[in-house]
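Chain naming follows the written order as A, B, C and D, and within any one chain the residues start at number 1.
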Amino acid sequence: MTVRFGLLGAGRIGKVHAKAVASNPDAVLVAVADAFVSAAEDLAAPYGAEVRSIEHIETSKDIDAVVICTPTDTHADLIERFARAGKAIFCEKPIDLDVKRVRECLKVAKDADATLMVGFNRRFDPHFAAVRKAIDEGAIGEVEMVTIISRDPGAPPVDYIKRSGGIFRDMTIHDFDMARFLLGEEPVRVSANAAVLVDKAIGQAGDFDSVSVILQTASGKQAIISNSRRATYGYDQRIEVHGSKGMVAAENQRPVSIELANATGYTRPPLHDFFMTRYTEAYANEIAAFIDAMTKGKKAEPSGADGLAALVLADAAVKSVKEGRAIEL
Amino acid sequence: MTVRFGLLGAGRIGKVHAKAVASNPDAVLVAVADAFVSAAEDLAAPYGAEVRSIEHIETSKDIDAVVICTPTDTHADLIERFARAGKAIFCEKPIDLDVKRVRECLKVAKDADATLMVGFNRRFDPHFAAVRKAIDEGAIGEVEMVTIISRDPGAPPVDYIKRSGGIFRDMTIHDFDMARFLLGEEPVRVSANAAVLVDKAIGQAGDFDSVSVILQTASGKQAIISNSRRATYGYDQRIEVHGSKGMVAAENQRPVSIELANATGYTRPPLHDFFMTRYTEAYANEIAAFIDAMTKGKKAEPSGADGLAALVLADAAVKSVKEGRAIEL
Amino acid sequence: MTVRFGLLGAGRIGKVHAKAVASNPDAVLVAVADAFVSAAEDLAAPYGAEVRSIEHIETSKDIDAVVICTPTDTHADLIERFARAGKAIFCEKPIDLDVKRVRECLKVAKDADATLMVGFNRRFDPHFAAVRKAIDEGAIGEVEMVTIISRDPGAPPVDYIKRSGGIFRDMTIHDFDMARFLLGEEPVRVSANAAVLVDKAIGQAGDFDSVSVILQTASGKQAIISNSRRATYGYDQRIEVHGSKGMVAAENQRPVSIELANATGYTRPPLHDFFMTRYTEAYANEIAAFIDAMTKGKKAEPSGADGLAALVLADAAVKSVKEGRAIEL
Amino acid sequence: MTVRFGLLGAGRIGKVHAKAVASNPDAVLVAVADAFVSAAEDLAAPYGAEVRSIEHIETSKDIDAVVICTPTDTHADLIERFARAGKAIFCEKPIDLDVKRVRECLKVAKDADATLMVGFNRRFDPHFAAVRKAIDEGAIGEVEMVTIISRDPGAPPVDYIKRSGGIFRDMTIHDFDMARFLLGEEPVRVSANAAVLVDKAIGQAGDFDSVSVILQTASGKQAIISNSRRATYGYDQRIEVHGSKGMVAAENQRPVSIELANATGYTRPPLHDFFMTRYTEAYANEIAAFIDAMTKGKKAEPSGADGLAALVLADAAVKSVKEGRAIEL
């Protein structure tokens, strides 16, 4: 069975998903919608897809699934509409920046019995997935301590920051999901520290750019997260899980693996400079997993509940910083 | 301009090139030919290409270029036919196992003014290409010593060995090309040693499975090549270039970059297990370079002359082993 | 000038310092004292040193400096006595487990104008020292985030745990000192989490074996510390400092640097299995620095104040765990 | 039993061995001889050793063993004298630059039943020794291909070159010994290439500075050696052994293991810049092995025969270059 896709939102991340859909042998990109028709046209053309309005896609019989890549504040509404329209839904994170709204939305999706998957792409990175697989196979025994270091090459524009919900909901949220994915237990306690070290304008917008978080589960397992909006050496994405029998870690990725040696020392090139090149395979695997959920009865994961859980942790981190204490969930 | 391709030969390497052509935004796969029509059909279908005979492709006005992936002993004839037919030609290595035949064939191609490129895919590997780029930029000064270690995960079937022209013409030939690519000077002297250490049946077929070669240029630059038909840890592909100001090396590639630590030590997974996964990007870049040669007036490299030069080195290595002496070219 | 040493305490760490003193060209080991005379004799003999009582060393004119390696609860008294006796003092950490007692002791040392250095050996590890040097030279710009991962190969006996002052004062204290050494600013805020994951007996003794700490300075610089009393792969000692212009990290150390590759993958041996082999050079450099402080007028660092500051952080961590909040200093 | 040593030759390498002897708990340095008495005095004093003439040491009853560190052309004579004097002998490589003279000398030593060990220090490097141990334990199955890359940070003075016997006898000889140590079979065939790429003055002195060698054993096992008198990034010392079941390699060593990351990439410091810092542990282990041979009845290895065998390979390499052919032994 070939899954027929409609894509909502022809921006940067929309392009990534369009390519993933088009390259998948079990999928076809049928239609693209965007508020800017010319953007939709530019994206649709090379894949032989049509430009349609969101309303049109909603009622299109030749569309089985949608990928939602529109601005964040439209996600929850679109999930509800397409759930009711009987389409399978892949939604870029987050579902919404407000926990209450997410809960409502998930209820609608559940009532409609919709297939809903949330775009925590990192779970599908082959290296991170291999870390999880090693854990599942017992290679490190019982998980004890998770370390996640995640740094962006550079800070986004302050305009973006203002609409982002803040660093915990925009950036750390990926790490909250990763921590949950690796800990194997729900965190019940969140201690967060935050500061502005990279760009004062971020602080003036009420946000932070450098944060540290400790999560702890009921049995005492701990995850540490270190985030910065700056990394001169590229997109720094490391995870490490320490357990009773050993440790497993995913190494950083670089586009070119050479080493130059001279009187200065031994130098390897910088890491990937952007999430789209770093996570190319992850995006392809993610869409493949979504298709598998639709066609092979596999569970759609990360689910809406996963999206909610990560947001709850982000909210707790915000509160922890504000109140100077650990937040119990 | 979109280049319209015909593919000759629907076997293993034919599939690799079909995918590279189909994925290239500047190319379209129009037709596939194979002695086994069903193989041609299976390959053509997913790309919306037609099945045609070789003769048909030869006269097809809607075909600009061919990719020759047929058995080795047909390469030279096909190059000549398609050169005369005015098509651009990408031919898998080798052009022929016989130097004299290669020379004749190259003359025909030259007389027809054909664009001809030979499939030494490794030049297009991003890591190896970056090594060459570092040399070209002067990062290591004057090249002095090249080290190439190339080991296959396992030996091919003896039937393949018998038709292969022997390890120097079949396997080492890639390293001869790489040595030429990196030395920046033609080797004038070949010293080779060879033995059967992996599989006696290879020896019974008159071939070797473990060889060491030293090449030397007129100015004294040296390249060392170490080949084995066995490597339990995967497809071992390393190059290193030492120069007056430094050294640059390409690291081995593995599909998954994790590290597991326990009482046994720190373990990273094996390398790629096959040339097709190892050189995925190289195959795509290679076809892109061929298209650039056709559409942007870039030089078609590696050329037929490069194919010939590597074969001459292979012949010299065979002779060096037989006669127990360095062969001067 | 050759510095003449008395060594107090002939136990495990006493042996380490005896060797460091005896190997230093500017020092000589004159006398050893221990409650167990035979232990003192065994240690003194190979170095041609005498066995003397502590009282005797106190009044020995041929002794310039003492190394205090006796049990923790004697440190403060001995510092005071030898400060008054006009000897230079190198004291193993900690000065005392009680902040008030440390303050009193430091006052006595100060009033006596004694040279006092505290044994935070890690500052003298060549790799960690090189990290600090890189920071001092501006290689990473302004320090922003420090990450310290420190794991012991195995938990000490519960009897030791009971006398240790708890994991924060016994183990993390080294990391608190390292964080101060690298941050370049005093932490003003401590958030700690702690659990028992390795050995229930440790919990029954009222201590923890797995802890995570965030330190933050007034300007917002952060340090993360991850500790475990277990690491199957050896003595895990990593530091990494992220700054505005780059990052610098010290790699783990192993006694043997080979790599074995086979169908399982690429395996390097485990790390050092103990602090004494891991920090051999650090112990030698530490004594050399103490001698330099005496003979070349260099500052005796880490000082008593450094010992106090690390203890204050440990106390704050204990409190943070107990009260579930960040402790402001 | 404590072994009492006399040291002949107080130059650079003499100092290395003096330190190794003095640091060994089972040895004592009794006397030092040198043509320059002041050099002998400077070396003897810190260890409390006496200065004696060679003749005096020869007849000293309080000397069990000698370490010969005098100029090469005196080695054979001294071995003979001290063998006849009943002393155990550790001689720096080479025994002599002339194979015939070495054979005579070894006969004298054998007739005197002398303990004789030759200073191929690299066998005692912990990393190289671990490679050999892995082979002995069967970790890589049957040895097939050995790769040795050995590059000096810089060329020695031309005066040294002139007395050195040429690069094969002076530098490659270490690699010939290492190849024998790792192959587990005697090479029967030598193919060598040589050039002057580093320093024309070396060529004018009749020597080479950049060489490549292939050794082959009777069963077809091969060793490749790559040597250069130049390496801008430090003292490059790598060995790798490929076998039927896997591969084992020793990594290069650097004094400081940190990594600095910035927009340029990830940089680790250069390697050791000299053999004395690189092989500190090897020199200590080597003397320990010599002492074990004397006191515990262990075999004195590498033996005089090992010294001879490496020289024979060096002579064959010289001949191979001269005659342009493989030399069969």
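Note that contacts are C-beta pairs under 8 Å (C-beta built on N, C-alpha and C of every residue); 3 or more make two chains touch, one makes a residue touch a chain.
Bear in mind that the values here come from a model prediction, so they are computed numbers and not experimental data.
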| item | value |
| --- | --- |
| Mutual neighbours - chains that touch subunit A and subunit B alike | C, D |
| Remotest chain, subunit C as reference, centres from CA atoms | B |
| Contact-richer chain pair (by C-beta pairs counted) among A-C and C-D | A-C |
| Chain centre separation in whole Å, for subunit D relative to subunit A (CA means) | 57 |
| Averaged-CA centre spacing for the pair subunit D and subunit C, given as whole angstrom | 39 |
| Where subunit A touches two or more other chains, by residue | 232-233, 245-247, 261-263, 269 |
| Subunit D to subunit B touching residues, read off their complex | 142, 144-145, 147, 149, 151, 189, 191, 193, 195-198, 210-212, 214, 216, 219-222, 224, 226, 228, 230-233, 236, 242, 244-247, 324-326, 328 |
| Interface residues, subunit D side, partner subunit C - complex | 25, 46, 126-127, 130-131, 134, 139-140, 245-251, 253, 255-263, 269 |
| Complex contacts: residues of subunit D adjacent to subunit A | 232-233, 261-270 |
